[in-house]
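Take a look at these structures.
Consider the two complexes below, in which subunit A is the common component and subunit B and subunit C are the respective partners.
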Partner chain A sequence: MGGYFSDIFNGSKSLLIGMGITFREFFKPTVTVQYPYQTLKMSARFRGHIELIADEEGNPKCVACGMCQRACPSGCISLDSVSVDIEVDGKVKKKKVLSKYDLDFTKCSLCGQCVENCNFGAIDFSKEYNLASTRKEDFHFNLLKRLEERNA
Partner chain B sequence: MSTPIQLRPDETFILNVGPQHPATHGVLRVKMEMDGEYIVKSETVLGYIHRMHEKMGENRTYAQYLPNLSRLDYLGALGYTHGHVLAIERAAGIEVPERAEYIRAITVELNRVASHLFWFGAFVMDLGGFSPLMYAIQDREHILDMLEAVTGARLTYCYYRFGGLYNDIDDDFIEAAKRFIPRMRKSLKKYAALVTGNIIFQKRLEGIAPVSAEMCRKYGATGPVARGSGINFDVRKNEPYSVYPEFDFDVPVYHECDSMARYKVRMDEMEQSLRIIEQGLEKLPGGPIMAEKKPKNIKLPVGDFYQAVETARGSFGIRIVSDGDKNAYRLKLRSPTYSNMHLFDEACEGMLIMDALAFMGSLDLVIPEMDR
Partner chain C sequence: MSLTLLNVIVAVVIAIAFAAANAAYLVWAERRGAARIQRRPGPNINGPFGLLQPPLDGIKLMTKQLMIPGGADKILFMVAPVLAMAPAIMSFVTIPFSKGIAAHNMEIGVLMIFAFASMGAMAILFAGWGSRNKYSVMASVRAVSQNVSYEIPMLITAITVVMVNGSMDLKAISTAQAGGFWHWNIFPSLHSPLMPISFIIFFICSLAETNRAPFDLGEAESELVAGFHTEYGSMGFGLFFMGEYANIVIGASLTTILFLGGWDCPFGMFPGVWWFLLKIYLLIATFIWIRWTFPRTTIYGLLNLSWKILIPISLFNLLLTAGLLKVF
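Entry: the complex of A and B
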């Protein structure tokens, strides 16, 4: 019988302690961010989708070696190059120039293997995370075109 | 004139829990044969989120398989990646710098605390309390912010590499981790007063859902489930790996075998993880974070390799059978919740359905990790 009453007493006490804790939380500052009215700044190492990097003249640093394409576990990068003649010190040389760099973001798992395997520092992560669409085509990025748009 | 339906007194009905049900925490289906509120027989149906992770391991190179490991268990992803890189490093004979191993241990333990915090919140929510979930998520947010700043992702980290790490931790991380430890200790006291001491919580868990040590051994249950049944087994202590032998920490073991014991094991584990993080930050050596001698394309020698690690849910094992090629001949993942789930069917016979759902919560299920 004693256990019965002590249970009631201790039980009520535990409930009051709990209520006290939740009541104190009322007066603590709000920690939630009211997205989309407020947004957070992404950290410096945030891995978004990849983006081509331009050199000083605005051309892509990419030499179209295809390391990123081979490293990608999901096969979401496809690139192509054309060979053009350029004049260096009066001699005509052939040079590979990037002609296409497509990213299929629907397949990408943001692992970062492509950036890590690039020996020329030609690709980097963007800080973009507001990516939502009902159309699949919106996630097929033409990175060369995006680079040109950024240059313009 | 229709005749009224005659029910036999011993008649049972089938109740489907899931595959879409909040208490199953994912796409898990449990077919329960019910006699009123009591469970007569239960049958777990798995495979709703099977993604062939083992098969993927066979047709990708070892490095390409890295992101897959974080997608097994979305709450404690680092532990699984740790097992994979350790297995490959041991098989290929890659020396890992000490600093990298310390950072791995620190981040794994942070991830374990984050995982247990989320479990804590979800578990109490299964029992009907909502506020603890919000408080737990608030604390977990600090860990996610810290890990995001270092790894670049919030859940699917992909941070470890064969022979080291993706990138080094900075002073901000160390500062944040040092600030987090006392804060978390304060929170643990709050949780003890708010939840553990609560009479309703105690009455719903104490003596409910007994899982004997024998049953744990029969089904291969590991982690907090086994430790709540009095089995003192922790891979970090019993088969030490990484730098864990250099840390001073205890393995919480409870002998009550009930849902409360499993709850207490996890709450104590958080404190022990904080101790490991504290010591790790103190002892953190300088130096490189990547092995100097490392083959560019990793090929394992012919053989059979196994590595077990202690994740937030129990013992995770990865077995790689190599035929000398750059991808595995066979890759087997032994996931802890898969084994832990299997004792559910036997243990919940004759239980009330409300208790069975509380029991399911105490097993800490993550369905993508179970189905792989």
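Entry: the complex of A and C
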């Protein structure tokens, strides 16, 4: 019989403690991010799709060596270059300039082999994650165009 | 009081409007309250503080198709949601909000409200049986056994209050408690020293009668999909939902009238309907607070609480009150 009443007493006490906790939580500030209106800053090691890095003048650092294209296990990078004549110290020299850099993100597994293999630090992961579409073509990125848009 | 047809229509329209408005905005309050307790903002997109959410939810429910599952008992299936909502609205008719605000005061108001409240169990049983769904039947059987076992301590406690006040008239019970909070029934008196415990028992029972967490075994989403309203969509579901919230308002009103002095002001100042509304909304806030604090009990825990704790204590209380009333 003594156990009966002490059970009721202890049970009620623990219920009141629980209610006290929720009462305190009620007045604490909210911690959720209101997603479409607020976004979180992605951490330094977040892997989005790859992005070309620009040098000081805004041109791609890429020298069009093609290492990334060869390193890619899924073959989603395709790049092309043209030879341009430029003057260096009064002499005309030929230089390879990147003319096309396409990424097929539908096949990319974000393994990072392209970024690892680049000797010039010309590509890196972007922090882009708002990628949603019903069409495949939306994931064929023209990275050169994206770089120009960023520079503009 | 003469009852003309116009009186009846006005009273019914006001009762329906009050019940519907409360149901709509208590859902909003519940969602906001739950969100605050879980440190989220809750619905905040539609209108200031999300206040347009309930009407938009209503429009969404009304534009959905009303589906009747194959093999269901059509009549019972259609009757059940109406039966969940109608008694709740009926009960509003006799609740006195203030000295002058009551649609129709009855001398047996307490009896009438309990009579209508017990019809709620029938609505759940019809819904479960009519749906032709195992989950629904299981849930309705649970909910009915729960409602029946919690009606007993609730009624015994109500009888205690009725005995102390010597009346079943809700208005008379309120008036008898007038003149400051020390006159309220919740405070122990010479005739009934265990009144605070009665209040707690009555409060727990009104929580269980509305089938709300932690006693929401009739819905038990994790076990029974959505319980007795698994097969209901559209406004059928909407009516169950509104019925639940209307029952919460009635439970809070009844607790206020029986224990917290009705429209009486705790300090004897500014008497009026606002005290009544303040008290019922404080009780409803506690309902919401409890719902989002405690997890669901098991069916055994639920029935044990009623049969082993609430019923013996309320019976003892009834006997003690009867004896003291006889002696003093």
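Some observations on this one:
Simple rule for what comes next: the second predicted complex is superposed on the first by the 113 of 152 C-alpha atoms of A that agree within 3 Å, B and C clash if a C-alpha of one lies under 4 Å from a C-alpha of the other, contacts with A are read in each partner's own complex, and residues count from 1 in each chain.
One rule holds in what follows: a contact is a pair of C-beta atoms (placed from the backbone, for glycine too) under 8 Å apart; a residue touches a chain by one contact, two chains touch by 3 or more.
The shown structure was predicted, so the numbers you read here are calculated from the model rather than taken from an experiment.
Judged by the touch definition given at the top, the superposed model places A:43 against subunit B, while subunit C stays out of reach. Once the two complexes are laid over each other on the shared chain, residue contacts for A:15 go to subunit B and to subunit C alike.
When both complexes are overlaid on chain A, the residue A:25 reaches subunit B and subunit C alike.
Contacts of A:71 after superposition: subunit B is touched, whereas subunit C is not reached. By the document's definition of touching, neither partner reaches A:81: not subunit B, not subunit C.
Touch criterion met: A:34 reaches subunit C, while subunit B stays clear of it. By the touch criterion defined above, A:126 reaches neither subunit B nor subunit C.
Subunit A has more of its residues touched by B than by the other of subunit B and subunit C. The contact surfaces that subunit B and subunit C form on subunit A in the two complexes overlap at residues 15, 18, 21-22, 25, 31. Those residues of subunit A that touch subunit B in the complex are listed here as 7, 10-12, 14-15, 17-18, 21-22, 25, 31, 43-47, 71-73, 109-113, 116, 125. By the touch criterion given at the top, residues 8, 15, 18-19, 21-23, 25-32, 34 of subunit A touch subunit C in their complex. Across the interface of their complex, subunit A is touched by residues 60, 63-68, 71, 131, 135, 138, 141, 145, 148-153, 156, 158, 166-167, 190, 193-195, 197-200 of subunit B. Within the complex formed with subunit A, the residues of subunit C that make contact are 33, 35-41, 44, 289-290, 292-294, 309.
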